[in-house]
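First the structure, then my questions, so here it is.
Chain nomenclature is as follows: A, B, C, D, E, F, G, H, I, J, K and L, assigned in order of appearance, with residue numbering initiated at 1 for each chain independently.
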Amino acid sequence: MSSVARVTEISAISPESFEDAVRVGIQRATKTLRGVTSAWVKDFNVEIEDGNITGYRVNMEVTFVLEDGE
Amino acid sequence: MSSVARVTEISAISPESFEDAVRVGIQRATKTLRGVTSAWVKDFNVEIEDGNITGYRVNMEVTFVLEDGE
Amino acid sequence: MSSVARVTEISAISPESFEDAVRVGIQRATKTLRGVTSAWVKDFNVEIEDGNITGYRVNMEVTFVLEDGE
Amino acid sequence: MSSVARVTEISAISPESFEDAVRVGIQRATKTLRGVTSAWVKDFNVEIEDGNITGYRVNMEVTFVLEDGE
Amino acid sequence: MSSVARVTEISAISPESFEDAVRVGIQRATKTLRGVTSAWVKDFNVEIEDGNITGYRVNMEVTFVLEDGE
Amino acid sequence: MSSVARVTEISAISPESFEDAVRVGIQRATKTLRGVTSAWVKDFNVEIEDGNITGYRVNMEVTFVLEDGE
Amino acid sequence: MSSVARVTEISAISPESFEDAVRVGIQRATKTLRGVTSAWVKDFNVEIEDGNITGYRVNMEVTFVLEDGE
Amino acid sequence: MSSVARVTEISAISPESFEDAVRVGIQRATKTLRGVTSAWVKDFNVEIEDGNITGYRVNMEVTFVLEDGE
Amino acid sequence: MSSVARVTEISAISPESFEDAVRVGIQRATKTLRGVTSAWVKDFNVEIEDGNITGYRVNMEVTFVLEDGE
Amino acid sequence: MSSVARVTEISAISPESFEDAVRVGIQRATKTLRGVTSAWVKDFNVEIEDGNITGYRVNMEVTFVLEDGE
Amino acid sequence: MSSVARVTEISAISPESFEDAVRVGIQRATKTLRGVTSAWVKDFNVEIEDGNITGYRVNMEVTFVLEDGE
Amino acid sequence: MSSVARVTEISAISPESFEDAVRVGIQRATKTLRGVTSAWVKDFNVEIEDGNITGYRVNMEVTFVLEDGE
């Protein structure tokens, strides 16, 4: 059977860790998108102020399967 | 004259062939998007079960020209 | 504090220059998207007819911060 | 539950078509490897003699899940 | 023994399929170039009009061995 | 003194975290390979079900030094 | 209908600006090549002497459609 | 207003985790560089001895804004 | 004769244009570095506020020839 | 006729030169693998101690044709 | 002053060494092209028969400055 | 134990060979930098005059371990 998915890019930042940033981004994405099945984390960055890491940022390509009405 | 297009990523799978997967993805995309003009097939994958190819999957970047109201 | 942004790809063409194409694309993007903060110009092309450049085209990845309701 | 897979690169050539080359390579891989689940076709080449295409060659990264004894 | 080849880029489009586009490009290349031995298909695109695929386009790097007089 | 190593690609998934996936993959690799010295984590993915991350997956290129009999 | 184009790489330098370098390169290319339709500017460099920019250099991949006799 | 930053590459290793390696590298960088604002973690590696991970290594591109005297 | 150069990465931002950003970055670099001969502009970004482009940013790899004492 | 090859990655180090490292790696590979036909040298590194080059290291992707029993 | 160069890809093979292959390719290129100023060696391969290296092959992008009549 | 290294890019040219260029660059780097442990040769170029190779140029990323005072 055929199926079609879309891939969209999300950038998320967390003060805690890279994995928390992944979770924050996925939570936000699944709030408005149905059928999210996977994400590829393509970039990892940190933001720094006065010598301290203030944010962990990830860029992700999120895949979600399309249903018929979309 | 200026014009603006958007590029969106689609992943489509077909049990038949890579070109059928491209067609399946384009058909789905043109059902909801107007002005689709081209697509770049950036990745080709096959899914395999018990030694048989069960799916041909393509990832495509689909370009569609924006009209004024969009 | 956590925050999430989306990244979308825009292709814009101008008869004037690459920078005009960037402006044209950003204007169009900010008409429908709130919270646009930056864009990465990932490709520069020119279109040519009878030996003359008739269009300057750029492909951009535009980042816009998501608000809660989106 | 955790699981581990290996990825191995296969190059296959067919006189017929790219998709036949994919099938030839997958058949050969599944003869000696258990648990093959997918393959990414990373390169497409043709071989040419006297102006005719004599071979369609693909390079694939084949993924197979490891069982405990392997 | 030493030998030298040149590599040239060809873009070919066919209304039929990607493999027909490869054949069309190779036929055209071998009409004017002697010694063509292989081609790497580096990009696959489709052109679309009114929701239908109207062209399959490939970009290929074609290798041809140079003879002494060339 | 000369020495030779091999590089093999491993994909590992863990329900816990990316670093647990790295550990799971390295443990599995060192069960059958002697002389493992390093690994490059080349891709980070998450798998998602019903809005929850169910797996952290990494792809690694694992290097192991060959001994004479291998 | 099928058609075939060639892609050739041009490097052009101008003392004025990147866009002038693009124009200089396209003018030179269209003097000897018919059917030039587009160019992708793949690299931007500047040359510097005594702290001043003395040249803007671009590398472009120029596409030109082949006619039958070529 | 214009501003200029420099980007420098740092490689840091920690026995604990990738994020600890990021912190170790940023701490070291901010000891000698003022104005560090961000870092892109471009590579993740592990070092392994006797089947155990003994080091988590990251390569980072660190950006720091230049002040006038530098 | 042998010679050695160093390559360093600079990021510069200008409110005017990409080429002004290149000039700003080169001026800053040549204030502290002798022997700057060329730069490769590897990335072009714009920063946006309230729908307007407020900054043109370039990342450049700047090459400068080393003299004996350096 | 169809045929299938495998591609495996080898890293070899020699105190002499890059080409000696290539030879060392190929000799080692052909001791255990039949049908080796080519190798692509994808990375060149040197190892340094007290200011002297102590090792020339290459990473190679080695292709070997599979026979029926393998 | 403006100037324009072309870049063409050459593949050369020598039974001796990579540098001999570079020389063989450059000699062949300069026999038919005037104004060759540089070449970038983008790929290094070896060909192998019965466990011995029989050819060192390089792929090069050769730049040659165009004169007015060309 | 944690440790931090820096990576800096060096470009070196020699009239003799690529390996001599590597040595020239490493010698120069180790004159001013302590703790150099390795280098990755990322680009190989030749410079050509009147059909003869006049220079072998390499670009290298040189890694050196930082001591506490640096």
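Note that in this section a contact is a pair of C-beta atoms (placed from the backbone, for glycine too) under 8 Å apart; a residue touches a chain by one contact, two chains touch by 3 or more.
What you see is a predicted model; the values in this text were computed from it and never measured.
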From the options J-K, C-G or E-K, the pair that copies D-F, where over half of the contact pairs coincide: E-K
Length of the line joining the C-alpha centres of subunit B and subunit H, rounded to whole Å: 39
Centre-to-centre distance between subunit E and subunit D (centres being mean Cα positions), rounded to whole Å: 23
Sites on subunit C at which at least two other chains make contact: 8, 18
Every chain pair meeting the contact rule: A-B, A-C, A-F, A-H, B-C, B-D, B-E, C-G, C-I, D-E, D-F, D-J, E-G, E-K, F-H, F-J, G-I, G-K, H-I, H-L, I-L, J-K, J-L, K-L
Residues of subunit J that touch subunit L when the two form their complex: 17-18, 43-49, 51, 53, 56
Residues of subunit J touching subunit K in the complex: 18-19, 22-23, 26-27, 30, 36-41
Of subunit K, residues touching subunit G in the complex: 1-8, 61, 63, 66, 70
Residue ranges of subunit K touching subunit E (in the complex, touch as defined): 8-15, 20-21, 24-25, 28-29, 32, 59
